[in-house]
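Notes to accompany the following structure.
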Amino acid sequence: MPPSNDLKDGGELRIIGFLCNWCSYSGADAAGVARLEQPTDLRIIRTPCTGRIDPLFILRALINGADGVLVSGCHPGDCHYVEGNFHARRRLETLKRILPISGIDPERFKYTWVSASESGRWQETVREFTAKIHALGPAPRMTDVVSRSKDLSLEGLLLQDENGGA
Amino acid sequence: MNVLETMKKCIREALPDLDMVMGWEQGFDTLHATPLFMETAEDVDRLILGPTCVQSLAVHLPSLKGKKIGVVVKGCDSRAVVQLLSENLLNRENLVIFGFGCDGVVSLSRLKKKLGALDFIESAEKKDDRLCIEINGEQQDLPFDDICAPKCLTCSRPNAIISDHFAGPQRTPRIPAKGKTALEKFEEKSLPERFDFWKAQMQRCVRCYACRDSCPMCVCRDHCVAVSRNPHFVSQEATASENFMFQLIHVMHLAGRCVSCGECERACPMDIPLGLLRAKSTEVTSALFNQEAGLDQEAVLPLLSFNIEEETIEEHD
Amino acid sequence: MHIGVFVCHCGSNISGTVDCPQTAKAAGEFPDVVYSTDEMYTCSEPGQESIIRAIKEHNLDGVVVASCSPRMHEATFRRTVERAGLNPYMFEMANIREHVSWVGRDKALNTRKAIDLIGMAVAKLRNGTPLFSERFNVTRKLMVIGGGVAGIQAALDAADSGIEVVLVERETTIGGKMAKLDKTFPTIDCSSCVLGPKMVEVAQHPKITLYAASEVDNVSGYVGNFTVQVRKRAVYVDWDACTGCGLCTEKCPSRKTPDPFNELIATTTAINIPFPQAIPKKATINPDYCLQLTKGKCGVCAKVCPVGCIDFEQQDKIEEVQVGAIVVATGYDLFDYSVYKQYGAGKLPDVITSLQYERLLNASGPTGGHVLRPSDGAEPKHVVFIQCVGSRDKSKGRAYCSSFCCMYTAKQAILTKSHLPDSQSYVFYMDIRSPGKGYDEFTRRTQELYGAQYIRGRVSSIHQHGSSLVVRGADTLAGMQVEIKADLVVLAVGIEPSRNSQKLAATLHISADTDGFFMEGHPKLKPVETNTAGVFLAGCCQGPRDIPTSVSMGSAAAAKAMVLFSNEQLESDPQVATVNATRCVGCYKCVKTCPFGAILESEDRWKNPKAEVLPTICKGCGICSVTCPHGAIQLNHFTDNQLLAEVNAICPLPTI
Amino acid sequence: MNNTVIAYYPGCSGKGSSAEYDLSTRTVLRHLGVDALEVENWSCCGSSPAHAVDHVLSAALSGRNLARVRSMGHDLVTTPCPSCLSNLKNAAHAVRDDDVRAKVNSLLDEECPTDVEAISTLQFFLEQVGLDTIQEAVVNPMPTLRVVCYYGCLTTRPPKLMCFDDPENPMSMDNILECCGIEVIPFPLKVDCCGAAFGMPRNDISSRLSGNILNMASELEADAVVVACPLCQMNLDLRQNQVNKACGTHHQMPIFYFTQLMGLSMGLSKKNLGLSKLAVNPEPCLARAGVR
């Protein structure tokens, strides 16, 4: 099998990128053409538009144990499909704000806008995001063992029930 | 004429033009109500209204699309109807809504925590702000606020907000008690504590889908990705991570649509506090889009629209 | 499935920092991969042949090429696998050059990343399905929006090749900005002598239909089959009957009507013909100044018109036109220079724009070609030209160079000297940009032969001092302040996209750059195409262009349309959304989000509501896909399952 | 406006060379119902010399004054002097940087606050008092008084720091004086430099620059020049004879602070507006305008 499973051993973390074809994917290409060096952790998935990116892809990646997810598309107003990133902005912002309730660190998910001409900005984005994920370290997994000794009911967690639970 | 009789009269009058009217009847004891599907005038006699009518009957409406249906709704149920209408999942012409003002409903799981097993119920009756219940041969008299559904404590819309017939008087909305909500208290915990909490809860989840099946806004029916597994967002394995994935899918599907009826949490046989996830989602979407689900038939779902300049979203650069 | 993986060395471009043989070996371990190899140049003739050979030898039904960006060679390899009998959509690329070898330095990590990217491509391919294009007919008719020199050229070239052309012009005459110019650089030949015959040709060409005083309201459809709604503005004159005799304009009592053709430095009559060579040469009433239309009494024009063509009741009319391709040539407008408070904020009468100056120089202009300044009609002696007003000025949000101002300023300095031999011109400039045939010689001539004084520096203020203007600026070469007493100041005002461009971009589904100019398909290889098939660009709407370049672009855009029309039928891109009707619950959430109106609220044969995609209109963005909670609408080639497979390939599903 | 209280920083010139600016500003503010509370125990802003020597020291000098404002419980301070304002704003801006703030605080007894804002009295009149209130207070309009407003270089610049009015064509003073019933002539040189900084070392330059302004004003047939800056005022007023000598002119052009004309239009006494402190006698000009 390919060595995907022991990524961590190489000092790398799992970072997934979802990029729109027209702006950010081209911008990442342009960064390559300009040989702008970047950390190697990121794996990019190409989509036609940020409007195609279902927040559930991001959740799936995070639940699967991705240490970071980076979404990038055209700047609002510059969408190749006119409105795709306007929809994406609402969806992704909603996801980003809901994430904390699940205990998943919202810092592990970033969405941004990088145009086809902004190769330097792409390099900067990848460097910054990778550095941030490394600072956060490997993401906790759902599969990690939970200490059974802790009382993990909601009441146990909140210690009291003045308002009658959730 | 009391509320129930007025309601029965309304339904009897409307029934000839309808295929069916949905309401509640007494279940196996006076503490449990069960949905009632009224097709004849005699069926109407069995109708009850009261604190045991917990189920939201709106959940059945989308699958009955095409029939002429009547439905009895509490305030919270009516919001689900409004939301379904706004999403083109119901035909208003085929729907007759019987509304009333709700005094709150009981929470069996809170009652259980107070009284233990609820096996032998002789009678249960709400008297003003107390619930009088005869259980295992003992008479109990409990403050209603201690055993009502949590949503009723902060209910701002006890009256059906949409109806063709409204029985009885309008109820006044509750003023939410001071103090932190469960969500606020939960959010004081650190991210790892929250994550561990859900991990433990999701290990308890049995993937019975009661939360989904009781949700009036869950309209995929047989096509739910959790069972069709196409698209393969989630596998059939009942592991903590897959269970959590399923719950988060549900949250995302409900974002901007959840009417906060609390049915998911009520239906959960494992008492998993799913309301926390819903409350957060509602908090987020109302803050972002200044819009609450289930109030306006003409509203466009916030996640189906956009503004070119989003005032509430900081530009991510 | 039988998948073949081809890892490209790209010379040393990839193999320099990626271990290609090891990558190919590891790729062989992925599920369904039956063949994997590495090649020196996969895109070369022998490289492509080896793919075809492998497909046949190993009975492959899917191919992954790990090489450069799919934006580079996806189309190339799709054709390759198609030649071997495979469906072109059973092909995926792993971008291990731009995204791996060129950006990472560590060979071991790069190799691992390359293997992962191949794993993702294999996973996506395993969830792919063959896709088939549809063929559809082409309406062989071209619409050109904008009748300036670029649009005129595009219309004439296309019409000469036998294509029907519809030319839509917002103003009441074609000719655009060029029709207002006096002379052109670098030959100082008369603008209207060059343009005039072309305008006449447009009017007389049997293949060209001209809609003047008209605008594009709405565009629907797709390449080969656009439906365009053209709004013909009310001009209150029946143009079919008007002979352009001009009698009405002589008698019209409302003589204080601002004259946009003369850049507002002169007035005209409420009913007017913009200039003698106008095409179409028809009278138009300005409803804001017409006494009949504003006060309800006058009607002199109607009384004098020999053919009775005045129609005060005329309304806007909307006509629908079917075309197969559109050339956008909407040109430019001048930047509103009044934000330069230090230049008088538009309040000093003798500070004028270069285009206004053209009208003063022009023999058919309001002064009959005598240079007379607006304030008192005196001949100026000292004329100051200021360049880059609203160009190359970030503080005013105009970072770009307007490209042709250096040249026309030089031309205007020469013309000033010819008109007023005693005059002295001063030109404040930042840099002299004259990269064109004969251009630099021209600006040298302006200085050496015509004695224009070029001062390198910006002007800090202009103020009125008696009857003259004091222009204060820096001479950065001499390192000192200069103050010039001028009689007339001409601002080389920068250009911006024509007003309403943004709305037109949205109507046409084309994008605009940060400055509002329409985006070309590729800055080098597709300068007149857009990313919307069948929509082409010409002239200043794409960026500042001088006349020869605008004309070239007009011809180029026409040629692109001819290429399109040379096909009897076109093939649609099958990467579009499709609805699984059995799963659709008919909530139409997808319909609400489609920016192109490509999804219909339809019904199945049992009258159940179902969404239906029009594949030729769908542009394949996938916004709809996300709205459907149970995935009943999917974007071909980017399905949920394909994208999820990619996610799962990098981060496998947890197993506990 | 009733009982508005504002922290007020007079600056050193306000206590010396421009005492009439300070006096007239307070008089007019009080008349309009604004209590200008002088910053307790304020110190010099550092003016032009300090920042030429050491930026941190300069920030600390003004930082101390901001701290004084904060200790009075205010988060807004107004000063009539553009140079003081520039320093206060500079300091408020500089201490937003953590490093600079640490250095500044190490020089101060009390911590420099980051939430105190400084605005000019001109801006205060325009934005917080408002033209309507000013207009209501006018009892003595002077329609025959023709003035030009001269803003100088500091009032609106640097624009990103001052964030007030148009840097090239400010209109705030024009608008206020028009409200007071005075004829304001558009003045092309309103943001030119008067040469104050060269007043000592290169008298010839400042005389030429100030001369330009006076020449233009008299060519436009202005009766007076109105200013909002003590340095501009001094250069044009106190040095008018010097300028006349250097340029061979004979100007007798009164140079008012805008607050003095506001006060006159509101019928306030000349004494409380410090009119007698002006070097060029304003009386003939005022008499022509019908002010007694």
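To keep things simple, chains are lettered A, B, C and D as they appear, and every chain counts its residues starting from 1.
Basically, a contact is a pair of C-beta atoms (placed from the backbone, for glycine too) under 8 Å apart; a residue touches a chain by one contact, two chains touch by 3 or more.
Here the structure is a predicted model, which means the values were calculated and not measured.
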**Report entry** Pair exhibiting more inter-chain C-beta contacts, B-C or A-C
**Finding:** A-C
Query raised in the report: So which chain is farthest from chain B, going by the mean of the CA atoms in each chain?
Result: D
Report summary line: Averaging C-alpha coordinates per chain, one finds the centres of chain B and chain C separated by a number of Å equal to 53
Report summary line: Whole-Å distance, C-alpha centre of chain A to that of chain C, is 35
Query raised in the report: How many angstrom lie between the CA centroids of chain A and chain B, rounded to a whole number?
Result: 33
Report summary line: Expected list for chain B, residues touching two or more other chains, is 233, 239-241, 303, 305
Query raised in the report: Can you list the residues of chain C that touch 2 or more other chains?
Result: 593, 640, 644, 653-656
Query raised in the report: What positions in chain A touch 2 or more of the other chains?
Result: 55, 60, 63-64, 83, 87, 91, 141-143
Query raised in the report: Touching pairs of chains, which are they?
Result: A-B, A-C, B-C, C-D
Query raised in the report: Which residues of chain D touch chain C in the complex?
Result: 166-169, 188-189, 192, 216, 219
Query - Contacting residues of chain C [partner chain A, same complex] - result: 26, 29-30, 69-72, 95, 97-100, 102-106, 108-110, 112-113, 115-117, 119-120, 506, 509, 511-514, 531, 575, 593, 595-596, 619-623, 625-626, 635, 638, 640, 643-644, 646-656
Query raised in the report: Which of the residues in chain C come into contact with chain D in the complex?
Result: 340-342, 345, 461, 463-466, 470
Report summary line: Per the touch rule above, chain B residues touching chain A in the complex are 107, 110, 145-146, 148, 150, 153, 177, 179-183, 185-187, 189, 191-203, 233, 239-241, 244-245, 248-249, 251-252, 255-256, 265, 273-277, 279-281, 284-285, 287-289, 302-303, 305-308, 310, 313, 315-317
Query - Interface residues, chain C side, partner chain B - complex - result: 583, 585-589, 592-593, 609, 627, 629-632, 634, 639-641, 644, 653-656
